[in-house]
Amino acid sequence: MTLSVYLSGEIHTDWREQIIDACQGLDVAFDSPVTDHAASDDCGVAIMGAEENKFWHDHKGAKLNAIRTRRGIEMADVVVVRFGEKYKQWNAAFDAGYASALGKSIIVVSQAEHQHALKEVHAAALAVTDEPKAVAEMLRYVLTGGLPN
Amino acid sequence: MTLSVYLSGEIHTDWREQIIDACQGLDVAFDSPVTDHAASDDCGVAIMGAEENKFWHDHKGAKLNAIRTRRGIEMADVVVVRFGEKYKQWNAAFDAGYASALGKSIIVVSQAEHQHALKEVHAAALAVTDEPKAVAEMLRYVLTGGLPN
Amino acid sequence: MTLSVYLSGEIHTDWREQIIDACQGLDVAFDSPVTDHAASDDCGVAIMGAEENKFWHDHKGAKLNAIRTRRGIEMADVVVVRFGEKYKQWNAAFDAGYASALGKSIIVVSQAEHQHALKEVHAAALAVTDEPKAVAEMLRYVLTGGLPN
Amino acid sequence: MTLSVYLSGEIHTDWREQIIDACQGLDVAFDSPVTDHAASDDCGVAIMGAEENKFWHDHKGAKLNAIRTRRGIEMADVVVVRFGEKYKQWNAAFDAGYASALGKSIIVVSQAEHQHALKEVHAAALAVTDEPKAVAEMLRYVLTGGLPN
Amino acid sequence: MTLSVYLSGEIHTDWREQIIDACQGLDVAFDSPVTDHAASDDCGVAIMGAEENKFWHDHKGAKLNAIRTRRGIEMADVVVVRFGEKYKQWNAAFDAGYASALGKSIIVVSQAEHQHALKEVHAAALAVTDEPKAVAEMLRYVLTGGLPN
Amino acid sequence: MTLSVYLSGEIHTDWREQIIDACQGLDVAFDSPVTDHAASDDCGVAIMGAEENKFWHDHKGAKLNAIRTRRGIEMADVVVVRFGEKYKQWNAAFDAGYASALGKSIIVVSQAEHQHALKEVHAAALAVTDEPKAVAEMLRYVLTGGLPN
Amino acid sequence: MTLSVYLSGEIHTDWREQIIDACQGLDVAFDSPVTDHAASDDCGVAIMGAEENKFWHDHKGAKLNAIRTRRGIEMADVVVVRFGEKYKQWNAAFDAGYASALGKSIIVVSQAEHQHALKEVHAAALAVTDEPKAVAEMLRYVLTGGLPN
Amino acid sequence: MTLSVYLSGEIHTDWREQIIDACQGLDVAFDSPVTDHAASDDCGVAIMGAEENKFWHDHKGAKLNAIRTRRGIEMADVVVVRFGEKYKQWNAAFDAGYASALGKSIIVVSQAEHQHALKEVHAAALAVTDEPKAVAEMLRYVLTGGLPN
């Protein structure tokens, strides 16, 4: 039975690739949001027409992206949410809340300096780590029972 | 039929009081998280015993607070989420995601400078404003059909 | 046990008042959308600020109204949907579909000339009539077992 | 992961074919109601026997069609609802409401002249356009992240 | 906390009154279908107009009655289903199945001679008895912990 | 997309085979209860040990059969319930109620003489017929849009 | 808004009274299983007739008790599960699992010596303590934000 | 249609292998928790880092294991829960409660000496046996209708 894993959050480093590479050979199907920042920002107006007001420009894009992100989370067995070093990252926390209300298993990848600010998100997670590599080890354990040497 | 409204998010200004005061006479029942910052941070260890590790100190508190916040959101007809000027406020975004997955009506109170960073949260809301006063006007309209003069 | 009845649809005749009057003495709690046409159209911009584009003007209003209409339907035991003589009335059909997916008991009040066009909506209803008075008779029967003389 | 898309609404133009053609090569599974107007109208009596009363003639057909349409919507990730130029099209609005209550992602294809009458339906959609071609572009973006040139 | 009990099934003996009388002083709210046989059969055509075809005559009535019976079952904590000596009583078995799928606690009141024919219904029940008096004893026990002397 | 159809009810005639044969070539997956009457009656004690009391003999069997029947109904898109000429057939009506509460599409195959007694079950169905052959025609129409010649 | 709290588990000490007493003045509604051990064991046969086989004696009782315990858990905001010093207490762990799948907030009251054996139950709880008094402090905090001095 | 079976509970005997072997040739997909006791106990700290406090050591492990066990139960058609001779086995009872609240079909494999202590768990099961072999016979019957010779 394939394990469906949705990789939510930070899009400026290669953490998704690290996890996917380290899961070679496991029966995992990964999904994620569109990680092309420019496309993600402009998709709404590119397809449905320009908006003068930045709010509606962003609104059209965020809603179009929601078709993908909501489905990704709803279909997932495990939702991994990565908080990076920079930016507000409210969409990551929003995804974590969304996944939590759906009863999904949540793994958070965060940094020590954000520990206190993320305490509510951590409290909703089944695992917290600061290393993408550890996520792969968790998925391997969940699927095979095998632990890292 | 009483309208249940949960006031989530920022706890350093009097925005909750502004809304509650402006809703005098309306059939609204307000709920909110514990807004005493110190109590909210330390409730877990105060009742269940100290932890050396800050992560578990926070974990105990965040989970105890979750008893109140999850119930507040689950019982609400409307969840108002306020993003203030400072801090990461990931708990606010988490609450918004949680409320969204439950199909709650969401009103976001945010600031112009955060517009882009909040676009996913805004996209999940039925109303967005930068003034607490407007929330009271919305609740009045929803309950009575009356608009501000 | 109070019967909750949501009165959806046409807002240009007094059909709601006819039903409510004819239900005097019954344990029914009625709810309905805001029926002040102008307020309903302009509520969004009146509270959250003007929009140049008519689409967003309407969008803001429709979403604010949704706070009331979704809750009204979700809380109802019975959703009565009235289709009048004029206009597209897509919101009425939308409400009927929304109520149907939630498993609500639906009563449709429509006119003979719309019979064919409403066949899918009628198929989802537990009762169809062309007279508001008959709705009151149904509610009386459902609550008391009494039939009209 | 195949994207399931249900194409609801207007059956007198080739908008479904336009979308399906433009999605060649994408991992999309399309479904739709029976679009043969005569068969759709008469299926009930053709299989279960004639009715003198037009209401029951239509009732039998509409319920038999509901086996297909409800399932199509319930299985879909995305429900596209097209409002054409003519007719009441209450079944399209009903489907939109049904899809909305189930939390489906909704894309509306409509015409400028219907903007105001569809505002409640638009408010429940994640995307609104007046061109079938744009729907294909959205589906391509949702699946691949690619935008039109 | 009031216990809601729906009394489904046979309408030709006074078993409902026996239970209700024996529960005097307990915090129970009883509900039941319309038990006036003639009214129950004719309610549809009495309110919505006559039908020549007996099938549709019955159909209108059964659907109108469903507004009450579905709500009664959905609101109940306990559904008591009584199978009497005579008739097909498929509506009683239908109600039991409906209640079972909703996870309601089911008590069946049946007769020894129907034991084998009711085995699937009994298997879905939390209690089976052949005496209405025993139902009252069960409700008393459930509410107070007290057993019959 | 394969259509899942559960064939519930009467087990003494070959109605299931008639439907399955007439659906050759269609993408339908049929399921049904165990139709070997003796095995169905005795499965519980055959595997889990004899019971002196007939009630518990039947209880063990009915619960073991429930593993199959509940799953069959829960997985089905369409539940066909056949009422034959003889017996109480309360399990068929129970299945119909169970399917109805789950929102399944129900097709009833019954006989003219049972019309009045089945009115509540018919009211919950999307189609009613007295011929198994007609069920196959419905499934064909639902899947292909094709009507019988 | 009254907080509903279900007190599950051990019935041989006065821990329930300790919590209830310590919650004087708080808006809490407590519920619990029948705590009269003899009545709880024999309720089934006392009302529905004797069984020779101990399994069915217990079965009848356990199912009758389930009417109360399932409802108690389903209606609760918070489920407190107490594991005492003795006995298998599988019903307590069962209740915890039941509550967990329903998304209830769980507080576990257990003893140090059972820490390892209860780790899966603890992992599903929002709070763990070894003192009933602490439960009252938690409920007070959840309702009022006040911490113990 | 493959039958999904989750094998929960005791991990010190080969009961899982017995069932799996005896189901050769049947369309069953088995799943189970990680049954390597040491790995199961230490997985949390092995991947996420050591804890001084045994409670948190176990907590990390139990939550990581929950990713697998919750999914296993949620995906299962049938949950088999085995209670062995030794230990508290609260996780087994917890799994049974969790499965019960989700409406899963439960089969309990237990021993005569635990009959009274397991009565609530047995009451929630569709079958109870003391032999793993009988589970295989049940699965065979459920899938094929065939009984043991």
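Just so it is clear, A, B, C, D, E, F, G and H label the chains in written order, and each chain counts residues from 1 on its own.
Everything that follows uses one rule, which is that a residue touches a chain if its C-beta (ideal position, glycine included) is under 8 Å from a C-beta of that chain, and two chains touch if they have at least 3 such contacts.
According to UniProt, the chain labels map to these proteins: A, B, C, D, E, F, G, H = YtoQ family protein.
These numbers come from a predicted model, not from an experiment.
The chain with its CA mean position farthest from that of chain D is G.
Between C-D and B-G, more C-beta contact pairs are found at C-D. More than half of the contact pairs at E-G come back, by residue number, in B-C, the repeat among B-C, C-D or A-B. If you average the Cα atoms of chain F and of chain G, the two centres end up 40 Å apart.
Averaged C-alpha coordinates give centres for chain D and chain F that are 31 Å from one another. In whole angstrom, the spacing between the mean C-alpha positions of chain G and chain H is 23. In whole angstrom, the spacing between the mean C-alpha positions of chain C and chain G is 44. The multi-chain contact residues of chain B, meaning those touching 2 or more other chains, are 63, 66, 128.
On chain C, the positions that touch chain D within their shared complex are 54-55, 58-59, 61-63, 65-66, 69, 83, 87-102, 114-124, 128. Those residues of chain H lying in contact with chain A across their complex are 4, 29, 31, 34-36, 39-40, 42-44, 46-48, 60, 63-64, 66-68, 70-71, 75.
Interface residues of chain E facing chain G in the complex, by the touch rule stated above, are 1, 3, 77-78, 105, 107, 126-129, 134, 137-138, 141-142, 145-148.
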